[in-house]
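Consider the two complexes below, in which chain A is the common component and chain B and chain C are the respective partners.
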Partner chain A sequence: MSRYFREWSVAGALGVLLIVLAIFAPAFFQAQPLLSLAAAEAPTLVIACGMALVIICREIDISVGSQFSVCGVCAGLLAAHHAPTAVALAAAIGTGACLGAINGALVAGLRLPSIVVTLATMMTWREGLNWWRQGEFVYLPEHLQWFGLSQSAGQWTLIAAAGLLLVALALALRHLTAGRFLYAVGTDMEAARLAGVSPQRVKFTTFVTMGALTGLAAMMNVVQSPQVDPKSGTGLELKTIAAVVVGGVSISGGRGSLWGAFVGLLLLACISPALTHLHIEAYWEKAIQGAIILLAVVADGVRTRRKKS
Partner chain B sequence: MKRILPLFLLAGLVLAGCSKSAETSGGGSAKKLTIALLPKSKGNAYFVSVRDGAQRAAQDLGVDLIFDGPTDTDPAKQNELVDNWTTLGVDVIAAACENKEGISTALRNAQSKGIKVITYDADAQTDARTFFVNQATPDGIGHALMDEAARLCAKSGQYAIITSTLTAANQNEWKKYIAERAADYPDMKLVAVRPCDDQKDKAQSEATALLSTYPDLKLIMAICSPGVPGAAEAVKQAGKAGKVKVMGLGLPNENKLYVHNGVTDSIILWNTEDLGYLTVQAAVALAKGTLKPGDTTFTAGKLGTFEIKGDNILLGKPFIFNKGNIDQFNF
Partner chain C sequence: MSPPPLLELRGLLKSYGGVRALRGVDFDLRAGEVHALLGENGAGKSTLIKVVTGAHQPDGGTVSIDGQPVTGLTPASARKLGVACIYQQPALFPDLTVAENIALRLEPTSGFRRVAWAARRTRAQQLLDRIGAEISPEAEIRTLAMPQQQLVEIACAVGAGARIVIMDEPTASLTQKEQHLLFAVVHDLRAHGVGVIYISHRLEEIFGLADRVTVLRDGQSISTQAVAAIDEARLIQLMVGREVTQIYPPSESAPGEVVLSLSHLGASATPTRVRDITFDVRAGEVFGLAGLVGAGRTDLARVLFGLVPADSGEIRLQGQPVHLKSPQDAVAHGIACVPEDRRRHGVVLEMPVAHNMSMAIHSRLFPGSWLRLGAERRLALDFIRDLSVKCHGPEAPAGSLSGGNQQKVSLARWLATKPKVLILDEPTQGVDVGAKSEIHRIVRRLAKAGLAVVLISSDLPEVLGMSDRIGVMCSGALTAILPGDADAATVMAAALGKGSKGKAA
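== the complex of A and B ==
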């Protein structure tokens, strides 16, 4: 219990929110809107998982929003030129992995701080995309939406894919050596190095994984509508970092779990529709999200101080 | 001053004619006016459509039209083009300005060389041009949106608005005029205003929440362009196409699919070809002296008469794109 204290307290907060909704706005619990919400957030979950990995190894990637847009547009353009869905998917993941490798090479290879590197790549990819596409939508062929399945089948497929990925990554993080390496590098790089782990290699791999996951997420988003908005993904970095931090992954690395990132994202994703249902003005949305993040960071600060004293 | 002005205009014309004939020595079309039309970005479908209208006006009036601009939205490249045209000695420059302050210096310089300057789509500083061809006034847009919404709902029912952000100045201006007009429709009830951060996907989530919160909702009005297809996709996914109307301010291409599917009813914007046509008509009239500061109306060939408010030539009522006409536009 104490080990997963944070995860449980966030889940508790989510429970309270859902109870409030059940009492005051039972219309929130309708199958179709919830399914649409879950499917729309499935790509975000995939990125949040990647973000948790990056933050656990004490780095950060704020370029994911731009990577997401680039991957989505590339996959969309391929599909629009009659490439099979599998090819578009592979291209999205490949593009993401390449963009991630650039971040990884700069961070791990040149030992540059990841916040600066990914800030630079965030702006570069975003502006590059603006210059290339002029903000124009990519129009997709009809068979691409929901992979040609029915709407609900497509939505369930996406949700199941994100769920399976979450379980697989969470298990890998706990039980595989590679997962332990990540925590080791995040906790104490020098100790990890002495123990025979190559921190730079771990970091590079993590950034490539982050990129590949972002590409996958972009494709999961592309198949949900008949056109790709090149601006989609803007602000995704903040959303996922917030989810991860709220879920108890320590921003100073080495601590946290993917379950935490999952409940953190669930809580944050429910707030916006919840406010609409509770007839609360949209002005409060960002303020409430900010307050939750602040609370999480303060809780972390108190915890570390207690440990030290 | 007013009396001297035609003289100036005449002098300008003569000078322009001289420099022109000096350059195109041997060319028979020395008296043909040259209008340089500067878009924000020349590959952009919106400006391509403006160009089509401009070309028609140039044909009607028998003038030469130069259409050139940055390949991307690049204010420095715009300045460079204006400087080139100033050296070249075109008769009129008509500019859609990316950077108001930046380009104004270049435009003033052009004016000092006797070149007439007007702006369209996005204005420069007022002393850097004679007229601004204003494609849409906030009250025109706001009123048109509300009128169309009321028409689609038969003047009664709940509606919700999706904006880009709650603090965006243009959005709030439009909202103000929507509210002003809404007073004429007492049975129309605004239930919520939600921001979509100028993203289609966010607009879709917001619209999904709106649809489940307000089961009696009759219409969603999106007043930022990504909001319209986003709201339409939400309505489609909720299986409420036709029951909940979708309309708003947007671009024809982004909405064609939903308009043809019967999800989206109307898209409101201005007619971009008319904007190009009117701009060139005004440019030519200004060079010929038939359009002068102080005029209150302007007749632009077959498009008819337009109102001039101060130094703004108003394109007038916004244009409504629907199933019947949307395929004629490609931007």
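== the complex of A and C ==
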């Protein structure tokens, strides 16, 4: 069976959904709403890529939502104080990298379980931000929105940026030794250590990368609206973990690809607008997404069990 | 007429897959006797215990308790019939108290029963008093030392009314004083008419404690003797006395200069403390390391591979003293180690053969961190040819290969580092006969090419057949260095700690 069988089967499910839509609700395929949808999901894709890296090396980061909010507010405040866009962008990425480094230091340095560490940092950053901003929005200067471009040019820029990043990371994962290390550490830490790879360094770097990507994603989100909502990142961790898992990245590490995370995200992101166009009540959205996630894990479980026996 | 023996095993057979672990074991245990069970690693002792405790079903033969044949023994029914086993590592709940642990074993289980705390405590106290253990029933298990935990296990066995008590190397982790306490308990059990099956590698314990001894070899019971009527030399002879069934490739290499030299090496951060190890290994030589499980051979290998720091003595490579702080250090100095248990750390089963083979030489094969898949493929194809690895090419996942071929992949990974010293830890464990002799030929060829090979193996014929010289370890120390043509009894005597410290041949 081909290497990307799992990814293709998710793509197949997406194809079926699109065919159903083409027959019953061709209105779904209008350019402008689809462009908006894609631009809105572009930051999520960036985070999902980072999440895939983290999960491949057998860790998890549930603090991304809070990191996203903190980075967005920091970038927004700088922009509101007349900093150039590039500075705001650098600040967002830098803040994210720092927050990621904190997670990484705790997980890799002190060898604590990442689910607990990132649960703690998730609550700390979120509540810290609440205390600092009191829930206040940051109002942004005109020139920041869409990088000062027209709306559709801005949207295309974001989509292109996310796409390029996906391709670059996927190639790096396949063609750099760092990518190989990531899979090795995720599959068997001790074997990696015996082979001269430092699992702790790999894990630390992965968390920093995750943070930097979250910062970038926060900036990509900031430029889409005239203000920054300090709660904008709520729920992002679940959304991205879901996309990654649906795309076939093994939650126990060492298996999966960024392409999988990409198609997984596409499938989940299409559900909500698809329901609208098919005149199904929006309540069903979460239930259907949940069912898809469940299906994906059950399929993986059955597959690994069959392999073992 | 004498009463029937407590436990009687006749013609017991048991196979796992294709491996015949028991091939006709006869054994009987009388009330009020301590019956020692002796045998090399893999002689079938653990399998025998598993059958008697009902953990595994025998394929053939009979088990009788009190003269009554029993079939379909399960752990629960074995317990009911009075069988109890005290393992080396007690299986207690560390966060519960002694009384609670005892109660969990002895009280009928129902989640909704009201707990009679006071009665539990009294009962635990009585049992502990009965075996003379000075342990508070209120103590949490995790606060107790290993021997005290074993005493709690014994209290459970006594409380359950066990009449057949199996002790599996109970003294392995005990100090002298604790051993005496344990022996007193064993004597007490015997006085109360309990039959004790006592498994130990320590001959002096067997002579001090047991009434009779049965020797197992290759899954068969070789002989049962009264301890009073046998001596150590005879016992060792019985343990190792087997015909050589396998032909080993002859040694053709002429040992060259000393490559690896250890003097008074010691390390305490290992499970078995490694003490005062001194030996040299020459280029082109296969240096065998023999010993029983837990003798510290793997621990020594871990020190030599930089996984555990040495805290005394010196390691020299080609005359230069080296400090090995990590596997990277060891590899940089030309030491490679093919680890024991290849399924866990030797190969990454999910990864393709080629990735596995290049894993230890990433920085050399891929300078600038860009993967050169072509070069990697060529490396893999070379090794697949040289070591005749049977697989569907470099892209096949390592998990799809047979055990012997996985071992070759693991070997290739470390040969790729171009080592001067190659440590092989149990290279043929769980490998079929054909692959085994292939691996032997490869080891010979490597030695001939000038590698210094340290071969750790629990398979005595293998060590004898493959080694130019043999170092024997016991309890973390080197007890003998013997020439390659030493006989099995001498090696076994040294492994049991009976050897006089021999000189290098």
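To be clear about the criterion, the second predicted complex is superposed on the first by the 308 of 309 C-alpha atoms of A that agree within 3 Å, B and C clash if a C-alpha of one lies under 4 Å from a C-alpha of the other, contacts with A are read in each partner's own complex, and residues count from 1 in each chain.
Please note the rule applied: contacts are C-beta pairs under 8 Å (C-beta built on N, C-alpha and C of every residue); 3 or more make two chains touch, one makes a residue touch a chain.
The structure presented is a predicted model; accordingly, all values stated were derived computationally and were not measured.
Engineer: Quick one: is A:Pro33 in contact with chain B, with chain C, with both, or with neither? Answer first, second, both or neither.
Structural biologist: The answer is first: A:Pro33 touches chain B but not chain C.
Engineer: Check whether chain B or chain C contacts more residues of chain A in the superposed model.
Structural biologist: If we count touched residues of chain A for both partners, the winner is B.
Engineer: May I ask you to decide whether A:Asp229 touches chain B, chain C, both, or neither, giving the answer as first, second, both or neither?
Structural biologist: In the superposition, A:Asp229 touches chain B alone.
Engineer: Just checking: does A:Leu176 make contact with chain B only, chain C only, both, or neither of them? Give me first, second, both or neither.
Structural biologist: second
Engineer: What is the contact status of A:Glu136 with respect to chain B (first) and chain C (second): first, second, both, or neither?
Structural biologist: The first partner, chain B, only.
Engineer: Have a look at where A:Thr276 lands relative to chain B and chain C in the superposition and call it first, second, both or neither.
Structural biologist: Touch status of A:Thr276: first partner only.
Engineer: Could you say whether A:Gly254 touches chain B, chain C, both of them, or neither, answering first, second, both or neither?
Structural biologist: Touch partner of A:Gly254: chain C, not chain B.
Engineer: After superposition on the shared chain, which partner residues are touched by A:Arg193: those of chain B (first), chain C (second), both, or neither?
Structural biologist: second
Engineer: Where on chain A do the contacts from chain B and from chain C line up?
Structural biologist: none
Engineer: Mind listing the chain A positions that touch chain B in their complex?
Structural biologist: Interface residues on the chain A side: 25, 27-28, 30, 32-33, 36-37, 40, 130-131, 134, 136-137, 139, 151, 221, 225-227, 229, 231-232, 234-235, 272-273, 276-277, 279, 282-283.
Engineer: Along chain B, where are the residues that touch chain A in the complex?
Structural biologist: Counting only chain B, the residues touching chain A are 41, 43-45, 72-73, 166, 192-195, 197-201, 204-206, 208-213, 215, 226, 229-230, 233-234, 237-239, 253-254, 257.
Engineer: Please output the residues of chain A touching chain C within their complex, sorted ascending.
Structural biologist: Residues 174-181, 183-184, 187-188, 190-197, 254-255 of chain A touch chain C in their complex.
Engineer: Can you check the complex and tell me which residues of chain C touch chain A?
Structural biologist: 305, 307, 326-328, 331, 337, 339, 344-351, 355, 359-360, 362-363, 366, 369-371, 373, 413
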